Structures are given as C-alpha cells and as structure tokens.
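Once you scroll down, you'll see the structures, which are given as structure tokens.
One chain, chain A, links the two complexes that follow: it is found with chain B in the first and with chain C in the second.
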Partner chain A sequence: MRYLFLSSCEKNFIHRIISEGHRLDGRNYNESRNLQISFGSEYGSCIVSLGETKVLAQVTCEVTQPKQIRPNEGILYINVEISPMAAPQFEANRQTDLTVYLNRLLEKCYKDSKCIDLESLCIVVEEKVWSLRVDIKVLNHAGNLVECASIAALTSLAHFKRPDVTRSGDSVIIHTLVEKDPIPTVLYHYPVCLTFAIFQNNILLSDPSFIEECVCASGTEEVNSSGGLLVVGMNQYRELCLLNLSGAALYDSSIVHKAIKSAADRCKEIVDTVKKTIMNDDTMRQKRVRINFSDIITSDHVLSLNKKDLNIRLKNYNADLPKCDDEEMIEEFEDEKPEPSKYDVVPSLPQTAEIIAKKGASTWIEISSESDED
Partner chain B sequence: MGAEEQNIKEFKLKPMKCELNFLSKSDGSAILSQGETVALASVNGPLDVKMQSQSIEKSTLEVLFCSKGGKPSVGDRYKENIIRQTCETAILSSLYPRTAITITIQELEDYGGFLSCCLNTACLALVNSGVAMRHVFAAVSCALDDRGNILLEPTQQQLETARATMNFVFDSRQKSLVTSFTEGAFSEDTYKEALARCRSASDLVFSFYRDIVTKYSKVIG
Partner chain C sequence: MKVEVDDVVLPGDFSEEIDTAGEKGKVILGPGLRKEIDKVYITKAGVLRKRAPNTFWVDSYQKRYVPSRGENVIGFVVQKSGDIFRVDVGSSCPATLSYLSFENATKKNRPEVQVGDVLYAKMLVASKDMEPEIVCVDSHGKKGRLGVLNEGFVFKCSLNLVRKILNPSCPLLESIKNEWPFELAAGMNGRIWIKANTMRETIAVGNAILASEYLSDDEIKNMCTNIASILAGHVS
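On to the complex of A and B.
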C-alpha cells in the first residue's frame, strides 16, 4: 500500500474547526451523507453510495458440502475487495489491514449475529447445502467504508433470491428462474454497522468523511488528546450486535452510550430505506420493467472535474436564486455573452452550488458575501 | 441528429450512455452502457511504481479487471491482457518515464459485447484522466450466425447461437486495426467483410466520444 500522508497543517485545521462546531462539508455532528441504493439486473446485486463513497455488492450461490460440525446449515461467505479503483493508494490483489478489518467486521455483523436463517439453506443433510457468497467491491473510498459496505451487504442479501430446488428420491433438481419462482433469503433481523469518529475524546461525529477518519485518531502538537473510530452494529429492533473501537482508549464511557443512542435512530432509518427500496424494486420487476445498472448513468449532471459539487461549504457565502430586482443585471450579463450557457448553476445543499446541464435558458444566481469580518 | 439515428439503425449499434467523473477519488473515470452491458473504469496515474516493474524509458501500464462476483478466473486475466495491449499502443507512455498508470475495470452487467464495452470505457476514462494519447480507440464486436450473416453488436441470445464472434479495435486517425480477437470458425472473406463493416461502424463510436467530450469540456469546474 502506498501511504497517504496528511500535513500537520491539515490536521490542525480539521481539529480546530471540529472543536468549534463545524465540519468541512457543512454537516452537523450527527448528520449523515445522502444514501442511495440502486439495483442491477440480477437478484442480489446493488450499488450503494453514501455521499461519494460507493460500494458494489453481489451475492452468488452454489451447492456445496456442509461443514462437518454443522451438517444441516448452509454457508455464508463474505469477501471484501479494495482495488486501486477505490483510491490510488491501494494496490491490486493485495490484502491490506483495511480489507481484513472490513471483512472481519462484516462477518461479525452478519454471521455471528445469526441474522440469516442458515438452516433454510440446507438441501440434503450432510450432503448438499447452499453456500452464499457476498462479494463486496469498493468503487470509491471517500470515508466511512464500514457503513457503506454493511448497507450494501445487507441490501444485496435481502434482495437476493436463490433458485428453487425439488427433491425426488436421491436426485435433486435445481430449477431455473424461468421454471419456478426463486426463493428469497430469510432474514431474522437487519443489522447495520455505523461508524462514529471520536474527536478529542468528547466530540462524536456520525458518518465521518475520509479526511475526518484519517485525522480523528492522530493527535498533533496543538491537540494532544486523540480519539478514534467507534463502529456500532445494531438492528432495527435497537439490539446491539457489534461494537468495535479503534484508536485511543476512551476514558469516558458516556460517549459510547451517546453513540448507541444516536445509532438506534439511524439504524431504523436505514433499514426502513433498504426495505422500501427492495419493495419498490420488487413491484417494478413484477411489472416486468427491466432494471439495469445503466439506470444510474445520468446525462443531466455534467461536471468537468471529478468532484460532485463543491464539497466545502462556505460559511459566509450564500447562493440565492435571482430575484426580480436583479433582472436588469441579468440582461446586462446576457448581452455580454454571445451564446447562452447550456448549464445552470443551481443551489443544491445549503450554501453550495453545482452545475447542471439544462435545456432551458440560463439563469444567474448571485453569490454574495454576507459578512465583512476580515 | 436525424442522420445519425438512421445510421445507428442501419448498423444496429446498441444505444450508448456514458457518464464521466463517476468516481471522485480517481484521476479519471467513466461508466458506459452499451445496450444492457455496463462497465465502469477508473484511471490513476502517473503514479510512483515499485522498483522491479519500473521502466526508465516509459511508464508501466497496469490493468486490473474485476468481475462482479465469484473468484478471479483465467478469463479475467485474458481480458486484462487484451485491454493492456490495446491501451499500451494508445498511451504516449514515453512522456511519463519511471511511473505507472493503472486502469481498473469493474464489470457491472454483461449482456453480450462485454469486452468491447470494457475497451470503450477504458478509452473514455483515459481521455477523462488527461493522460497523453496518440489516438483514441473504439471497439466494435460482431457475431456470425448459423446462416453466415454478420450481426453487429450481438445480443446475448445471438451470441449463444453464434458460430463465431469477432472483436475489432480501431484507432481514430487512420481507422487502422489495433487489436483483433476472434472465436470460432469462419472463412477469410467473412473476416474481411466483418472487418469492413465494423470499421464503418466504429465511426459512430468515435462521434459518440466526440459528443461526450464536447459536452464535458464546456463546463467550468
């Protein structure tokens, strides 16, 4: 792995703005990034994006021999891969600490919490069982991989359907999807891992971005009390499935309680979204709408740099839609411009703007400085 | 636009959809769908490289192909090899000595013509990353059915019954052949005819590239 270094300058800056109550992208401490789930054409394939972090998950199944100690249970196998696509510092076909860490956390969350009914995957005791393999590929690593990967794993498992099987005497027939309707996986509960970044041992940030993840565990000359990352695994019934702390030891246990409390609400929210999107997808499939990953390609969102929108919010600047009194100014600008622009600058998040291709005439928005403190 | 649509119908190329800058952490990335086949590519580079794979004359090109699920197979290595050899001819690697350029390709959907879709995606990602190139390249695939008809951009059902499949990659300057890989049995004349038809169909792919690049280069970052 090629290492990524952060300057003390950056670290100090992040520490300072966070202690002052701000985050780089303008979120509150317990605000998460936008969650998006899209499905592929096969059962059990999905791309989950949490802000800019993108993860692809695919569930496949095959018939294998069960383990000797558990002759009547199917097998669940989770495999995480981080390719150079995720970020330039990763190398191809190399297991890094991060890969092992992610794999172990997901195994704890989905295998050890016994959320999947493995006994229903049995075909013939001691001879044939279904083995489910969840392949998780990280497409873009922009922080909080654990949460994004766990949502992807959960969604793909819940979305997956295995082919139906009939037993007649000694022979076992596996039906194709056309012959018989496939069977969905049975999930007892839906656990999700959430990440919290702990800064200076008392500030709790939910859904940390890449830079916040890097900075939280390291102290600097200015700030010597360091924090760490806390992963909370919880299901929709507010039951705790997993806790993992990396980084410095905590000397205040109340922060864990605080994290669990806010995780409970967020988990419920995520599981509801996952269930709703799967329901929607199911009704679409029943109407024979062809669902494909090509649906995520949009042509109306054009960017020349590889940044979705300004990911740094400016505190003192506001993008406002044009008001009636600005009309004169707009005309003035349009006179100067021989060809009207095809792209609009529209305010998206509060205090951010992005460029979107539009067919209509261009509109101007005013970006004004509100305070003159300097 | 009308003439173009007619051409598409004539050549029966699948509708293409593309988005550049799909990934924020890579230097260049593209997601391309050709019909129902979808691939995602990211380009990083020039980066520093390990001593043993460093070349003092040119940059090393590393290509990684990731399938959607299951274990990596020999077929994946074969695809990597074809993509690497094709991209090596296109990239001006002598401009970046002692460095590496990595191309990572992720399979998203495979409904026929997957390898040519991968090559086109890789080309768009390279263009997006700003790596210096001699030329861009376009891949077109075709299949030979039982009656000996040449089908451009075959669907999956057509591929299953096809007698042979052929894939061609052309450069943008002289439309000369860069890469060709075939499977199955066919006569020399059929090969020549398929080559000629794919060559004229590659014009559509190049004009699609041009549309995409003009669309994206006009936007202010």
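On to the complex of A and C.
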C-alpha cells in the first residue's frame, strides 16, 4: 500500500474546525452518514453504503469436514478484500495492514461473540458440516470502513439462507432451492461495529469521514495531543462485544463511556434498519418480485452520480434546491446585475483563472503579477 | 461503431470525420484518442468533442490525474532528499521538484519548503516512462502565482469539475466572488486550494464548488445566492 499523504494545511484546518465545533461535511459530532442497504438476486449478497463508502458482502456455503476440536460445529470464515477500486492507494492482490485489521475485527465481532449458532450448521458429527464464508469486497473507501463492512457482514449473514438437507441412513441429500425452502441462518444477536474518532483527547466524532480518520491520529504544531480511532462492537441488547483502540493512548476514561453510550443507541437503530430491510426483501421475494443490484442504478443516468452528501458542506446547505424557474428568481438576478462587482475573474496563465480586485476594492489579494514579489 | 462528434463514445469506436480531416491536413488528437496504424480509435468512454479546425478529444469523467506538460497542479511535498523535493501530485508516481526551480534560488539561497507544504506548480516534464518534473518558476525565472500556498484548505474533486470551474463561461466564480472574498488555486490534477477570511467562509467556497458539479449555469447562480444567504445567517 502506498502511503497516503496529508498536507499540513489540511490537518490544521480539520483540527481547527473540529475544535470550533464544526465538521467538514456539516454534520454534528454524533451524526452519522446516510445508511443504505440493497440486496442482490441471491440470498446473502448485499451492498451497504454509508455515505460514499460502499461495501459488497456475499455469503456462500459449502459442505466440509469439521475441525477436530469442534466436531459438531460449522465453520464461519470471513475474508476481506480491498482492491484499487476502493481508493487509489491500495494495490491489487496484496494484503495491507488495513485488510488484516478489518478481517480480525470482523472475526472478533462475529466469530468470537458467538452470534451465529454454529451447531445448527452441523450435518453429520465429525464428518460433514456447513462452512459459511463471508466475502467482503470494498467498493469505495470514504472513511469508516469498519462500520460499513460490519453492517454488510451482518446483513448478508442475516439475509443468507442455506439449502435444506435430509439424512436417510448414511446418505445425505442436499436439496436445491426449488425442491425445498432454504433455511435461514440462526443469529442469537446482531452485533455491529461502530467507529468513533477521538480528537484532541476529548472530542468524540461518530462515523468519521476519510479525512477525519487520517487526521485524528496525527498531531500538528498547534495541537500536541493526538487522538485515535475507537471501535465499539455492540449488539441490539446493548451488550458490548468488542472494543478496539488504535492511535494514541487515552487520558480520560469518560470518553469511552460516552462512546459506548452513543453506540448503544446507534446500534439499536442500525439493527432495526437491517431487520426491516431484510423483512421487506423477504416479502418482496415471496411475491416473486425480481430483486437485484440493478435496482440501485437510477434510470436518470446523469443524475446517478449526483452526490447528495458533499464532502464539504455547510450545516444548513440542502442539495435539493428549489429550481429557479420562477419569474421572481429571474428578476432577482436582473436586480443584481447593475451592482458593480468588486472582483473580476480573468484568465491568466493557460488553464488558470484568477480573481483580481478592481480598483478601490479591499486589498486582501495581490493586485498585479507584474509587481516584483521578492 | 461509427460515431460522430458530440456523440457518446466507447472504447473501440471510430469516427470518419477524424480520418477524413487527417487526409486533408494535420489533426491534433487529445485525450481518449489513439492512432492505430492508419485509423484513429477511441480509447475512453465519454463524449467526443471537436474544436475547429482540427482538434479532437474525448470528454470523460475521471478522477485519476495523468500528468501532461504545461498544466498547473497542486502538490504536497512528501520528501526532501538532497537537492530535490518529492511532490505528490496524485499521479501514479510522485513528481520531482529541484530546489533550484524557485524564484531567486541559488545553491546557497535555498527556498524554504517543508515536508507537508502545499505547492502550486507547473508541470515541466510529463512523459510516459519518466517521473514527472514540476517547477515553481516560469521561463523568465519569475514565480508568478506559483509557489508555496500557506494556510487555507485543499480538497480533491474530479478532473472535470476543475475544468468546469476554470472555464471562462462558468458562472460559479463570477457568482461567489460578489458574495464574499476568498482566494482559490485550482490544480488540473483535481485538487483545489481555497482560503477565505473565516473557516465558515472557506467551507462555503468548497461547498459551492463541489455542489456545482452537476448543475446548470442558472442553477449554479441560484445555489450561490442560497449559500451566501446561509452564510449571512438568513436561512436557519
């Protein structure tokens, strides 16, 4: 992985606006980005997008031999892939620290918390069990990959249905989906990982964007104390499943309490959304409605790229502007025209335009390029 | 498939207009077009454009910067090594910048550039097989607008957006310059540096620029007045 470089002016700017109580994209400290879940045509495939971060998850199953020490339990395997499609700094077919970190976190969250009934995946003790494999592919990395990937893993596991099996004597018959209804995976509880960025040791940001994630761990000349990223894994019953801190050490334990408190509410919210979307999807499938990823693509092809969440946004800015087709608006523009402009945009060097103050304007910009600048 | 100018094109398409123009005189091929033996093929998905008399190119949506000579770019100093700086301009490998390519720089009088600084520079060498090289002076040895950019904020956007806001017919900068003062440097590598009097105003500039990507000229004007009223506190 190539090292991603942040300039000092970006770091300073982010630190300053956050200490002033704002965020770059106009959210509040504890506000998360928009969560969207859509399902593919098969059971257990979904795309989860959290703002501009997008993750594809797919669960597959196969019959294997169980492990020696756990002869009556199925196997859960989680695999995370990050390709250059996610962000240009990643290289193809190479494991990065982030991949390993993400894989380990998700394993902790879903395997070690024992949220899946692995014993129900057993077919013949010591001989045949189902092995579930969760493949997670990062489509776009715009910060908070952990949360997005964990929601994707959870949704795909909860959505997945494995083929039914009947045993007659020694032979095992695996029925196709047409012959017998498939069986859903049993989940005891729904754990979700949430990320919090800690800035200057006392500010807690939920759902950090990419730049906030990068900046929070690094101090600047102005801000000595650096923060870090805190991952909280929690289920819908407010039970803690996982806690992971990367970055600087914490001086204040109350920040962890604060994080867990706000995580509890958010987890409930996420799990409810996940359950609701799966329910909706199930009823749609029972009505034989074809569901696949093409639903995500809007027919309005130009506007499909139109981002509603801007990376840089004022708090009150709304992307859905009223169209200026009223006569009043046109009149307004006409009224504005006679107002003399203080500044002028002129083309200077090729491919550049610059704003030059006209005479009598304030002197915040250098007026001419000809003057000797030593 | 045969295509015309102003059509949506895909890689592998070809246009007879380019070929016939090529028989008559010289043709300039821009990005997204390549000559294979005796025919010109399209290599990018986008819209085929033409400028009279004989310049053709493909307008496509792109975020990754491919260096080309003479463009102004914004880069971050990544490393100082000996007599060169390594500058990240968003291309596949970092660009080099000699410490002598600053105004009034000599072997004794070195420019003050730190790792992490933001530079506005011009692409001097951009070839397929070599590291790109950038300079902070023009051919007369003057710095002009180039050099280190202090404070402010840098953000990334698509290459199309940079071209759009630099287009003289784009009303965006015209509209916001009347509302509040700010400084702006747009690099052709999809990075824009902005600076205004306050943090809020800086964010407002960034907001206006990013929001203008898919808006028409009238909508841009409307959006700018909207942002200005938010900034002034009229809209809660």
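Points to keep in mind about this one:
The rule we apply is simple: the second predicted complex is superposed on the first by the 306 of 374 C-alpha atoms of A that agree within 3 Å, B and C clash if a C-alpha of one lies under 4 Å from a C-alpha of the other, contacts with A are read in each partner's own complex, and residues count from 1 in each chain.
In this text, a contact is a pair of C-beta atoms (placed from the backbone, for glycine too) under 8 Å apart; a residue touches a chain by one contact, two chains touch by 3 or more.
The model shown is predicted, which means the values in this text are computed figures rather than measured ones.
In the superposition on chain A, A:R133 makes contact with chain B only, not with chain C.
In the superposed model, A:H22 makes contact with chain C only, not with chain B. Of the two partner chains, chain B and chain C are each touched by A:P88.
In the superposition on chain A, contact of A:K287 is made with neither chain B nor chain C. Once chain A of one complex is fitted onto chain A of the other, the partner contacts of A:K54 are limited to chain B, with no touch recorded for chain C. In the superposition on chain A, A:F5 makes contact with chain C only, not with chain B. Residues 88, 302-303, 305-307, 342-343, 355 of chain A lie at the contact with chain B in one complex and at the contact with chain C in the other.
The part of chain A that touches chain C in the complex is made up of residues 5-13, 16-17, 20, 22, 24, 26, 88, 302-303, 305-307, 310-314, 316-317, 319, 321-324, 329, 332-333, 336, 339, 341-345, 347-355, 362, 364-365, 369, 373-374. The touching residues of chain C, when paired with chain A in their complex, are 61, 64, 70-72, 76, 78, 88, 103-104, 114, 116-118, 122, 138, 143-145, 149-155, 166, 168, 173-174, 177-178, 181, 183-184, 186, 188, 193, 197, 199-200, 202-204, 206-207, 209-211, 213-214, 218-219, 221-223, 225-227, 230-231, 235-236. Chain B makes touch with chain A in their complex at residues 17-21, 23-29, 31-33, 36, 38, 40, 42, 44, 47-48, 62, 64, 66, 68-70, 102, 104, 106, 108-109, 111, 215-221.
Chain A makes touch with chain B in their complex at residues 2, 40-41, 45, 47, 52, 54, 56, 58-60, 81, 83-88, 92-93, 133, 135, 137, 139-142, 290, 292-294, 296-299, 301-308, 342-343, 355, 357.
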